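Labels for the chains are A, B, C and D, by order of writing; each one numbers its residues from 1.
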Amino acid sequence: MNHSSATLSQEDLPGDFAIWIFIFAEMLAFGVLFVSYAFTRAQNIELFNASQLTLNRTSGAINTLVLITSSYFVVRGVEAIKRGLNQQCSHWLTGAFLLGGVFVGIKMVEFQDKFAADITMSTNNFYMFYLSLTFFHFMHVLMGMVILAVIIMKARHGGYSAHDYVGVETGASFWHMVDFLWIILFPLVYIIR
Amino acid sequence: MKYTSQAVAKPYFIAAIALFLGQILFGLIMGLQYVVGDFLFPAIPFNVARMVHTNLLIVWLLFGFMGASYYLIPEESETELYSPKLAILTFWIFLVAGAVTVLGYLLVPYASLAKWTGNDLLNTMGREFLEQPLPTKVGIVLVALSWLFNIVMTVLKGRKTAISLVLSLGMLGLAVFFLFSFYNPVNLVKDKFYWWWVVHLWVEGVWELILGAMLAFVLIKVTGVDREVIEKWLYVIITMTLVTGIIGTGHHYYWIGTPAYWQWWGSIFSALEPIPFFMMTVFAFNMVNKRRREHPNKAAVLWALGTSVMAFLGAGLWGFLHTLAPVNYYAHGTQLTAAHGHLAFYGAYALVVLTMISYAMPILRGRAANPERAQIMEMWSFWLMTIAMFFIALFLTGAGIVQIWLQRISVTPMSFMAVQDQISIFYWAREGAGLVFLLGLLLYIGSFFVKGKSHAFE
Amino acid sequence: MNNTKEKSNLFFTVVWLVLALLTIMTFSLGEAGMAGKGVMLTLLAITMIKSQLVANYFMGLRRTKFLWRVIMFGYFAIVGGLIAVAYLMGLK
Amino acid sequence: MSAKFTKSMARNVFYGGGVFFFLLFLALTFDTMKVLPKRDNSQNITPAVEHGKKLWETNNCIGCHTLLGEGAYFAPELGNVYPRRGPDFIKAWIKGQPTGVPGRRQMPQFNLSDADIDDLIAFLKYASEINTNKWPPNIEG
């Protein structure tokens, strides 16, 4: 697969390095939460397996597809801005933003069900991890959407060019992080038993 | 001194050192009371000595922060301070309020002090670190607001730099979170929950912004490294401080009645809290190694590097020792907590104020740096105080570990007082280290009076 | 210049489809309610592949310095590995 | 190091990260406040307990003792002194202070009336029934 830019010299990280320090910190926090979930489950498997069944696996899967697609839209947006096409970039990113909204909508329905069933972080250890992980990730999706919105605004006003699109790549890197954290979270919490 | 109004910082620094000395004297009294239980009883019971010790600590650090900001903001904003007179007025109000409060602790039984100072009106007294009577608390709010007003007006009319912005945010946070000291519900769990919003969100939140801004300022001055690089990393470090420190408040919510999920949130995020301190150490050494000039004030460079290392040891490492919930279950409320408290407060905040004083005082007295002999004396005092405090922390850690074993882990747990007798050897050693610390501090004060050829401004 | 544009966009679309496919596979394994060591390891492997795909191609780490790629791959390997260990411990 | 590492982006990440985690902290606080009544024994707060807490504060007990592990480390933990010693012992102890034994740690005499001591004990009883996730590890506190 002769990827067009594979031949380029070793580049630096896409986007501003400041966001990457934040990305690594978030990855560390989520990583510790994932591993803590796994080892806590090892101590009470029946509880975790039982409670896991009450989760809405379909909405989780749909959300995964939604986030992956929105991540794909962001990639297309970055490819567009690399060629200086501000408007096209803002359209792709708007698509990604709307899909983020879909994710948030589905998530809020899911949370509503749980709270209606009087399930909270104090119900049991599984729900504590489930709600902590999904809510922590949910807030990251919201933050990612705020970042995308800022970039969309600037792109719509032609704020970027083929030689200056660091801001777009910075927001894109954060959004992709939010995506792959969910890619790990979904099977771990919803599927694997 | 580029701006005449920077001279306002001088009284603040002098008051800070004087109160620091007072704090250490009462620390020594308490250290002795740990081994000779009835020392100075009933004239100064332990609880009174403790109030004076902890309140003097916070007040002398606040004096240091205020002095530092009155010194560095005019230089950062490249304009005169908005109102030097207001700064002097604030100084005297704060000094008098502090002195009267300490005298109140010492001369009047606490219960009567509470009755006479309107505690029945609004009950805010009797909580650790927040023992001040209501009028003093109101005074502190006024002092904080006038300090904030003075600094922000100066920044607004001058150059805006990352350092002045971060310092102002730290001061704003300090003022806002202190307001929670007025909220004292009957519900003990809520009382403690919001009490930590003053204590923790100060020392592991906004104070770290002030610490970062002060250290960045001194590093720019003594290393001459490009401001852009230093301020960029300042932002990164304080970002990590807020990312880990805010949710890190959870490590105080394990055993006070709050839900069990705090044990996960608190443990995970407070375990990450040493990261910003580690970054600060790497950052400080990196900047000094890449320095573009040899600043004559070598003592200030030592203080700055010492701050970054001791802050990481005291706040980072010693904090991590007992921050994870399963460990904290046994270490909560033992001498291990006291060890962390001492080393963290000294390493992070006492040292950064001393760094600022060591850098600014010679300039306030009209020279780039103190004479060689004075600097050597200052460096001796740094090593004496730092090593002495390190040993205080070591001895208290030893006491804490034995206390945890005897009182909490062993199958036949001993009573509190029986355990205290078993660890009195550590308390004797700690008192010895405390005396060495006092020697270091006296040497530090002496260094201001050493005459000799000083380095003129280049 | 034109053909590389189509090619890279097509490439990303392919990556997207692979990711979608793997997600559907994960979901169907879940729906089938299968459990046990083999399924767990398969699911974990799929998850790590998907994450690495996102990191390599969507995030563009493919073209960056070795250091960043090691950090990212190491993260997936360690997190995935520890989760596997925890689940294997649970099975005993 | 990435060629692109600007101060302005570092500042944006600082604002974004700071606001984000403070909002998250508020969310956790909101949930805590909601679930607290089931754990904080607040249903047993009586005027006696309230007055007892006032006495606890105005006599600066926290200056020597710890309560639920927080305070000074000079004297025993009092969060579970009620189950450890019982009300009568506590009352006798408070009235009998200071011991005056040379070299031993001394507790001041607070000259509290019997009613005051009963209120203080009511507060300590209330404090001992708060759900502290099974802390302290044993009765010694």
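Everything that follows uses one rule, which is that contacts are C-beta pairs under 8 Å (C-beta built on N, C-alpha and C of every residue); 3 or more make two chains touch, one makes a residue touch a chain.
Computed from a predicted structure; not experimentally measured.
Colleague: Out of every possible chain pairing, which has the most C-beta contacts?
Modeller: B-D
Colleague: Mind having a look at which chain is the central one, using mean CA positions?
Modeller: It is chain B that sits nearest the middle.
Colleague: For chain B and chain D, what's the span in angstrom between their mean Cα positions?
Modeller: 23
Colleague: Taking the mean of the C-alpha atoms as each chain's centre, how many Å separate chain A from chain C?
Modeller: Centre separation, chain A to chain C: 14 Å.
Colleague: Express in whole angstrom the distance between the two chain centres, defined as the mean CA positions of chain C and chain D.
Modeller: 48
Colleague: Enumerate the residues of chain D that touch no fewer than two other chains.
Modeller: Touching at least two other chains: 5-6, 10, 13, 17, 24, 31, 35.
Colleague: Touching at least two other chains at once: which residues of chain B meet that condition?
Modeller: Residue numbers touching two or more other chains: 232, 235-236, 239, 243, 259-261, 265.
Colleague: Name the touching chain pairs, please: which are they?
Modeller: Chain-chain contacts present: A-B, A-C, A-D, B-D.
Colleague: Within the complex, which stretch of chain C touches chain A?
Modeller: Contacts found on chain C: 4-5, 7-9, 11-13, 15-16, 19-20, 23-24, 26-27, 29-31, 35, 39-40, 43-44, 46-47, 50-51, 54-55, 57-66, 68, 71, 75, 78-79, 82-83, 85-87, 89-90.
Colleague: State the interface residues of chain B toward chain A in the complex, per the touch definition above.
Modeller: So the residues of chain B in touch with chain A come to 232, 235-236, 239-240, 243-244, 259-261, 264-265, 268-269, 271-272, 275.
Colleague: Quick one: which bits of chain D touch chain B in the complex? Just the residue numbers, please.
Modeller: 5-7, 10-11, 13-14, 17-18, 21-22, 24-25, 28-29, 31-33, 35-36, 39-42, 45, 49-50, 53-54, 56-64, 66-77, 98, 100-106, 108, 110, 126-127, 130-133, 135-141
Colleague: Considering only the defined contacts, which chain A positions touch chain C in the complex?
Modeller: It is residues 1-6, 8, 10-14, 24, 27, 31, 34-35, 38-39, 41-42, 45, 49, 57-58, 61, 64-65, 68-69, 71-72, 74-76, 78-79, 83, 169, 172-173, 176-177, 179-180, 183-184, 186-188, 190-193 of chain A that touch chain C.
Colleague: Which residues, counting only chain A, touch chain B once they are in their complex?
Modeller: For chain A paired with chain B, touching residues are 18, 21-22, 25, 28-29, 32-33, 36, 121-122, 128-129, 132.
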